[in-house]
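Here you go, one structure.
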Amino acid sequence: MSMNTFGHLFRVTTWGESHGPALGATVDGCPPGIPVTADGIQQWLNKRKPGQSKHTTQRKEADEVEILSGVFEGVSTGTPIQLMIRNTDQRSRDYGDIIEKFRPGHADITYWQKYGVRDYRGGGRSSARETAARVAAGGVARSALGHLLPDVRITGYMVQMGELEIDRSRFDWDAIGRNDFWCPDPVAAEEFADHLDWLRKDDHNSVGAVIECVARGLPVGLGAPVYGKLDTDLAAAMMSINAVKGVEIGEGMNAARLTGRSNADEISMGPDGPVYSSNHSGGILGGISTGQDVVVRFAVKPTSSILSERRTITKSGEDTTIVTKGRHDPCVGIRAVPVGEAMMACVVLDHFLLHRGQVGGAGGVIG
Amino acid sequence: MSMNTFGHLFRVTTWGESHGPALGATVDGCPPGIPVTADGIQQWLNKRKPGQSKHTTQRKEADEVEILSGVFEGVSTGTPIQLMIRNTDQRSRDYGDIIEKFRPGHADITYWQKYGVRDYRGGGRSSARETAARVAAGGVARSALGHLLPDVRITGYMVQMGELEIDRSRFDWDAIGRNDFWCPDPVAAEEFADHLDWLRKDDHNSVGAVIECVARGLPVGLGAPVYGKLDTDLAAAMMSINAVKGVEIGEGMNAARLTGRSNADEISMGPDGPVYSSNHSGGILGGISTGQDVVVRFAVKPTSSILSERRTITKSGEDTTIVTKGRHDPCVGIRAVPVGEAMMACVVLDHFLLHRGQVGGAGGVIG
Amino acid sequence: MSMNTFGHLFRVTTWGESHGPALGATVDGCPPGIPVTADGIQQWLNKRKPGQSKHTTQRKEADEVEILSGVFEGVSTGTPIQLMIRNTDQRSRDYGDIIEKFRPGHADITYWQKYGVRDYRGGGRSSARETAARVAAGGVARSALGHLLPDVRITGYMVQMGELEIDRSRFDWDAIGRNDFWCPDPVAAEEFADHLDWLRKDDHNSVGAVIECVARGLPVGLGAPVYGKLDTDLAAAMMSINAVKGVEIGEGMNAARLTGRSNADEISMGPDGPVYSSNHSGGILGGISTGQDVVVRFAVKPTSSILSERRTITKSGEDTTIVTKGRHDPCVGIRAVPVGEAMMACVVLDHFLLHRGQVGGAGGVIG
Amino acid sequence: MSMNTFGHLFRVTTWGESHGPALGATVDGCPPGIPVTADGIQQWLNKRKPGQSKHTTQRKEADEVEILSGVFEGVSTGTPIQLMIRNTDQRSRDYGDIIEKFRPGHADITYWQKYGVRDYRGGGRSSARETAARVAAGGVARSALGHLLPDVRITGYMVQMGELEIDRSRFDWDAIGRNDFWCPDPVAAEEFADHLDWLRKDDHNSVGAVIECVARGLPVGLGAPVYGKLDTDLAAAMMSINAVKGVEIGEGMNAARLTGRSNADEISMGPDGPVYSSNHSGGILGGISTGQDVVVRFAVKPTSSILSERRTITKSGEDTTIVTKGRHDPCVGIRAVPVGEAMMACVVLDHFLLHRGQVGGAGGVIG
């Protein structure tokens, strides 16, 4: 990861600001012959698109992707794929307050102090709008995975909002797409909805969330120890998403509470190879995939842009207060779900290519 | 991060196995004119060295570093610094069990399945011994920071072991160096000691831990959005350490529980610039340092190498059991403290150089 | 350099095909506060633009650049700058011959054999049209250099076409912009014109050329030994340009003919520091700039697309012949001049940032 | 290429100074299961070793390589391979003159001006001794190529010394190993010997050379356009070698003299695929290997360290003169032959891995 590029062989460079003419992703290193179409990518962008329910920002963005290069007659050519999304709803308005004042909890102040120049319109480059480009790139990665590793399925969902958590005994993969929260527990989904309604309308507040992403059907052997481990790259990928403050693999922070006896996943021999008695490891040992589900979780902080008044300062150094109006997500965690999935798809594909490059078809056989 | 190298401008490549002749780090991109001596690096290696208390592995390693290049007349020349540590206590013994059996919770099985060849002696490359090289590289980074950013202080400590947590009201920076656990709460340190004694001697078990690392005195502006964010690189750096399963910045996973009103750190103008009412952000906004303390936490899983019998399989695919004898840490979290510090020092220095490269002395003034 | 990205800190990723909707460059790592405007970049694109004289391809391309990101109120923000150029003259025509036949001397056959899919329209990604993106990125680099190193001047010119070479005794910097060949020798420029007229009209042929690029006013100390040397990166930059087959620094291949006594540039002390009696080294010693003019030369092969019949094969493996019609440059070397300048500007800026990052203001004083 | 590391997937980081305790190479990304032994690497180091004939420096270095990591039971494990070579003949002597004076044509002055500190002993990091590490790394690359691409043969040889060139009609592959110059023309080899004797003994001078390296038996499809082209990486690899001032692929600088009709290699269909009528391209089209011999040439400048007096300055800025005594190569081109081969082996292997990573087994079929 280097500035605005991530990945080793499947390399994604994103560009663009919230209120500039466009944003996008340059996807380099895609294998050739992969079906890539605007429609195919659009389905993933639509999952993240704002304005789809009352629980997300009311900004209207078509988020229509244009493929400008790297695809010929419907398949990738192996050359860079440029994915561009025009910004359409850059509502012409008075940015007055934000020009001079720094929003607490935002990158406004650090961008200013670092660069000495700042695109204040809607957060500029630090806006969550940047994640649309990630989702577009993830769409290409998913298509390549579908071609190269057809058993792989990557699914994200919300497991916690504020103090409310899902009940894992009610976990239902099919429920995920049926509510506004990508929540696998339909009961929790209703609780989330009620809570968010109250927060948004009555409390003028926002709330954090925890998202879990799972990759099922992964082959054994992905990950390049010791600084390009699969978990290292997943951690970096998730932590690079706006508002993310924590990342966990498998047991995550809870691993600290466990003992060696309870934490180690015991192994036995199954008909198709090793079988594990549990998955505390989150599908990764020593940075390399075990073939179990790879499980990553990340916490998204509550949106700082709220209608409540907060103390801050101006560029000229005066104390003041600010109320952030505008169209903001009361829980950005919702729209972080497809973003997390996209990042996971990119990381998994990248590591598949890396592994194929270094090791080829070899590898150790058991049994 | 790419395989065995991490960093953008200050780049560290580590090499070596647990029971090979030596291990080390190649440090490239160090600024010239930095005082670098074996003694200076040794002080940090001694913090991590095994066999220093009954709470860590009884393997005896001098962990003496030799500087093979890049230093002339006591200062760095700007060329690669090779730091080599000879393995001295490679106890000649029968590896029989481990050659054929995979230890549950270890990288034994994934290394074998990925590469088809595996240095089984003591975990080979996946051993925690690799972290000695990180600490040595961190010693160089610390020296450079002392030269370039003399106000920066990087300190790690243990805040949790198993279910036992420190009481933040008893936090004492000076206590950290006075107990075997790098624990800032002297009362908790004693509890940790008692608990670990029991686990090791009576329960033949091991336990996880949470380590917190803080960088104080950092300048504003470090971090390269959006994929080279300071928090992204810290997350990757910590997740790349053996046995780490979760990483948090500031509020970390707890951010999911907070509301926008409670989470945003309010800003006021102080005599020397902006002052924050709190530090939920962990000193990073939009991936860029705010000038507050940068706070990162990571969870270390319990050692899988325990004296209790566990089910596993052999290379030939037969079900069996294993008891891992040998000299293992009942809580690897203890020795992870100097490793976390070292990684943080490398990341901070790297971002200082990156920032100086791209932005130079410029940046926005407030007031 | 990695696939479609070059540079260390100032990183340029180009994308796009000859006959796709657009092509462009993503410029990452540009220092903030640099004046960047479409007009400013356009002046360099206009130097390279086709159809400006009878000596270049008659394809008409406006080559108008749009800035889609990274610039706010006329200056760079430090975030990625997306430069897009729409392809306008994608003449709808019958590609029939080229679809099935491989043009000798072209990348047609290798793209097909490598990727199994190929955008045959106008050479796709392997077309010299890709270099427009380099020139646009170079425009940004030049603006940054103008800001950070105002004494630097980067100038390219043609010194040889076929067997015709310039006479160095007639070298005139001011002549360069006054002829169709960017030739510093006005007499040679006329010879070039006559020769090219004959080749194109009568001989239905094309011809190679040698381009020289000079960076004047460079500071001492740019270059990162040993694999990021200034000359290494210049060699890579120039060799990556379409049709380039050789690169020289200073004496270049002629260095083989010299003796140590004649080749070493003697040093004496001048009023402002070291003065060299000659510049056989081309301004670089040990990979680091000396402060003298940095001189790089590269040879451009003759266009393979000519009206003469050549033997080749079809995709189905049959022997056949081909005559390449279409609008091709009889001497692509002409339009390679601004491309070489652009690459040099990018490399020089990148190394300035790298040097500032690692070394800062330090460095050894003489006298 | 970034500072002291080169390669994309097969990454080599070299370290060490001429007169430090040791130098070496960290080889990351080597495929697992490759036979790697000290003896196997030693055969290549012995080709480069000084003091083997009267035509090279009389410095005696055993150049014995130690493998410190990454190899287990005789094969690579997929983890970093550390290759260390102890410096043994660091003749204790008075460096007085070189400490204060800058040798013309050397990196002495630029290292000092860039870094403000300089290991003056034998050129420090800028010494040609660094190339021993490249040759060691190349030995690993050759072993991997022997395993993965057994048909590939990489051979370097001298084709020019000063004004003397070989006669291609006398080219004999078997002659290369039979003379002190790795010269394929036995008659030229004798002329080289006579000329160098005179230069060294009577003229107290040195001379440049041209080395050609050829990779035979390469598969089609290696090279990653447009900034990781096979020729781009070869050019960078060769230009990064000490004293190299020019690099050519195929026709090289001579391509400027040719016409499109004479330069394009015509294609016909042979029993095993495309056959080319000639190899002006040097086996690379559009940055991708054609399957023909890949031909690269580079010019090595004459050693600047000669017994003749040259004008220079001191660190304190005074004009003076210098005579460089010591044990220097009158023609460093001789020992550059195995270095060029090693760099080519690394680049070819790296591109094979890159190609396998991105494209796998796919690719377009002809016929």
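Order of writing sets the chain letters: A, B, C and D. Residues in each chain are counted from 1.
What we mean here is this: a residue touches a chain if its C-beta (ideal position, glycine included) is under 8 Å from a C-beta of that chain, and two chains touch if they have at least 3 such contacts.
Predicted model only: the values in this text are computed from it and were never measured.
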item: Selected interface, C-D versus B-C, where C-beta contact pairs are more numerous; value: C-D
item: Chain located farthest away, centre of chain A as origin (C-alpha); value: D
item: Averaged-CA centre spacing for the pair chain D and chain B, given as whole angstrom; value: 38
item: Length of the line joining the C-alpha centres of chain C and chain D, rounded to whole Å; value: 26
item: Distance between the centres, which are taken as Cα means, of chain C and chain B, whole angstrom; value: 45
item: Where chain D touches two or more other chains, by residue; value: 2-5, 14, 29, 32-33, 78-79, 114-118, 125, 225, 359, 362
item: Chain B to chain D touching residues, read off their complex; value: 2-5, 11, 13-17, 20-24, 26, 28-29, 32-33, 66, 68-70, 72-73, 75-82, 84, 114-119, 124-125
item: Chain C partner contacts - residues on chain B that touch it in the complex; value: 9, 29-33, 78-79, 148, 225, 353-354, 356-360, 362
item: Residue numbers on chain B that touch chain A, as the complex places them; value: 1-6, 8, 14, 102, 104-107, 109-118, 125-126, 130, 160-163, 199, 203, 205-210, 220-221, 223-229, 231-236, 238-240, 242, 245-261, 263-269, 274, 277, 280-282, 284-290, 297, 299-306, 308, 310-313, 315-319, 333, 355, 359, 362-367
